[in-house]
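Next come two complexes, and both contain chain A; in the first it sits with chain B, in the second with chain C.
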Partner chain A sequence: MLLNEQEFIRILRSRLEGTLPKDELDDIISDYAEHFSIGRTNGRTEEELWRSLGSPDDIAREIKAMHLVKKAESVRSAGNFFHAVVATLGLGLFNMVFVLVPFILLMILLSVIFLLGIVIAFAGLAGVIYSVLQILGLSDFSVWLSPLAGVFLSIGMISTGLLMVIGNYYLARFCYHGCIRYLKWNISVITGTESEA
Partner chain B sequence: MNIQFKKGVLEICVLAVLAHKDCYGYELVNEISKRIDISEGTIYPLLHRLKDEGYVTTYLEESAGGPPRKYYRLTESGRKEEHEQKEEWLRFAASVNALLEGKNDAVE
Partner chain C sequence: MSPERQDNDRLACFVCSLNLSGLTITKVILWLVAITIVSFAIGFGILAISGDFPPGAGQKASPFKNTVLGSPNTTSFLPDGASSGEIRILLGAGDLTLRGGAPGGRLMEATVYSKRPEMQPDYTESMNNSVKTVAMTETGHRKKDWVVANAPESWANTWDVRLGDEIPVAVTVNVGAGDCELLLGDSNLTSLTVNTGAGDTTIDLAGYHGGWFDAFIYHGVGDLTLRIPPGSNTRILLHQGVGDITANGMVQNNEQYTTAGFNPALPVNEITLSQGVGSIQLEAV
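And now, the complex of A and B:
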């Protein structure tokens, strides 16, 4: 592969096309083109300039991750969040541990609370129906507590379940904000290249 | 020095150079890579981020015998940020140095 400006720009552009809006992409490309042009005037070869800039693939990965995190911050959605996490994961081996593991644990925690809330609420609902049937004398299957207590207990379960689901929603929102801040920090500190270049 | 650390201080370095004078990209990259060994390419994404955050603005200026160059300039909030980060860094560095020197004393 020829290490010249044309190739550098081509790689950078092809990696970023489709992710970045055109004006932002052109702005970034123009910076690197200017860098090569001034460098040449100062008597450096394109290959030298390429080597000190670093790999265009790494640069593109970082710009992409930065852009996707910014997008997830301004437009909150599970999809945008997921893309931002995946792009940040791609920045290096380090992130496989320091982004992926916390991310998976968080997802598990949120899912468990959600499912538990749903299960408790539905169990409560079933309890209410059953207890009412008992009070009306439509079911003579006896349980360990009085039908009236059953109604109250079941309503308590429904409320608990719903509270868990609602609380989970707020917890997820809170985590979303925290995760975005963490990803931003991560990108600004972790380098794409892990070599001692 | 571990490259992971270097990137973390890149932002304050860029802000500090720009606090001194407006720079075009190549000039800024040179100022920094003269002292810190880092992939120069990562400075441009950083500049874009700083622009997004409103710490720097850009303007074009004619250069002698060449196409116009894009200059980066600190905004008011960029100056404030530079000042805060610098203070924070100096305090931190002073503490680390004190600890390092204290440790050497103990060893001697």
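And now, the complex of A and C:
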């Protein structure tokens, strides 16, 4: 492989095409072309400039990860967040532990709270129905020590379940912001631009 | 205008009529919090007033019936043409409810709620000279002390036994540790023998219209309530132990308690009651 500017630009462009908008991609490519141009003016060879910049594959991965994290920050969606996490994972094996594990634990926590809320709400609904049937003498099966108390306790369960679902939504939003900040910090640490971030 | 469009307009009008514009998520959350607090307060308040909550020592604090958490196991017995029956129940540790109301034609139907397989009872039935005998015996008590003051939660064992009323039955109940509730107003008895260990016992014969019977009640440790129909010709011979004795609607003569208008010349429901430790309440009201 020839270590010249054209090859560097070709690899970089091919890795970033389809992810970045065209104007943003053109800006990045022109920045690197300018870097090569200034370097040549200063008497450095293209191979030296390539080696000083590093692999275009690594640079493309870092640019892609930062772009997707910023996209997830500006447009909140589960899809954007997922793509940002996957792109950050691609930055190194290190992130398998420091990004993937917390991400999985967070997903499990949010899913458990959501499902628990749904289950409690529906159990409360069933409790209300059974209690009312028992009060009306239509059912011998009883869940609560007292059917009248059961009506109120079941209503309490329904509202508790709904509160858990709503609370889970806000917790997810809070975690979303926290995760984006964490991903940005993580990328800055890996790319060595922590102070800039 | 298409019918679909009309439906959409009706829906839009309905939503507008609800005036939900002022309903923010904050208000929804505050309403839900208020509903939750008030509902639980009322629910637990009702349980507290009815005496079901907080629970007694050794019991798990739960507003649920503990029987719900066990898997019920129901067994029925037919009289098989017998002219009378004999029911023997031996429960080592657990709660027993014995009442009338077995489905038509059955001599006895028992439902057992227990989390432990060894708590499932042994059933035996036999026929002797037109007397059908059914014995229901807890097998688990053989593996531990017969009387346990506070059974662990995992031993939770509740028996719900229903008796039929087509033929008269002689009932023998032995309960080691646990509450015992005998609601026999709908039954038809020839005799009743109750032997309780530790726990509260209620024997309710209110509304009893069956045949004449003799009863022997050996009270252990705990409170006992004996309720008899006020119009019946009943005599209670009480052997006093340790604890208070209160009688409502009954005439006391030394250790004898009789219903108002008691006539010894007529057939008598004779109840012999040996008090153990705990209060006894006799009611004929």
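Structure notes:
To be clear about the criterion, the second predicted complex is superposed on the first by the 187 of 197 C-alpha atoms of A that agree within 3 Å, B and C clash if a C-alpha of one lies under 4 Å from a C-alpha of the other, contacts with A are read in each partner's own complex, and residues count from 1 in each chain.
Heads up, the rule we're going with is that a contact is a pair of C-beta atoms (placed from the backbone, for glycine too) under 8 Å apart; a residue touches a chain by one contact, two chains touch by 3 or more.
Not measured: the values here are computed from a predicted model.
Superposition of the two complexes onto chain A shows chain B and chain C fitting side by side, with no clash. Of the two partner chains placed by the overlay, neither chain B nor chain C lies in contact with A:Thr19. By the touch criterion defined above, A:Ser30 reaches chain B but does not reach chain C. Counted by residues of chain A touched, the larger count belongs to B, out of chain B and chain C.
With both structures placed on the common chain, the touch criterion links A:Gly156 to chain C but leaves chain B unconnected. In the superposed model, A:Ile38 makes contact with chain B only, not with chain C. Contacts of A:Glu62 after superposition on the shared chain: chain B is touched, whereas chain C is not. In the superposition on chain A, contact is made by A:Leu53 with chain B only, not with chain C. In the superposed model, A:Asn4 lies in contact with neither chain B nor chain C.
After superposing the two complexes on chain A, the angle subtended at the C-alpha centre of chain A by the centres of chain B and chain C comes to 140 degrees, rounded to the nearest 10.
Per the superposed model, the minimal spacing between any CA atom of chain B and any CA atom of chain C is 33 Å. Under the contact criterion defined above, no residue of chain A touches both chain B in one complex and chain C in the other. Within the complex formed with chain B, the residues of chain A that make contact are 24, 27-28, 30-32, 34-35, 37-39, 41-42, 52-56, 58-59, 62-63, 66, 70, 94, 188-197. Those residues of chain A that touch chain C in the complex are listed here as 142-146, 148-153, 155-156, 159-160, 162-163, 166.
Per the touch definition, chain C reaches chain A in the complex via residues 25, 28-29, 32-33, 35-36, 39-40, 42-44, 46-47, 50, 52-53, 63-65, 68.
Considering their complex, residues 3-4, 6-8, 11, 24-26, 29, 33, 37, 39-42, 44-49, 52, 66-67, 69-70 of chain B touch chain A.
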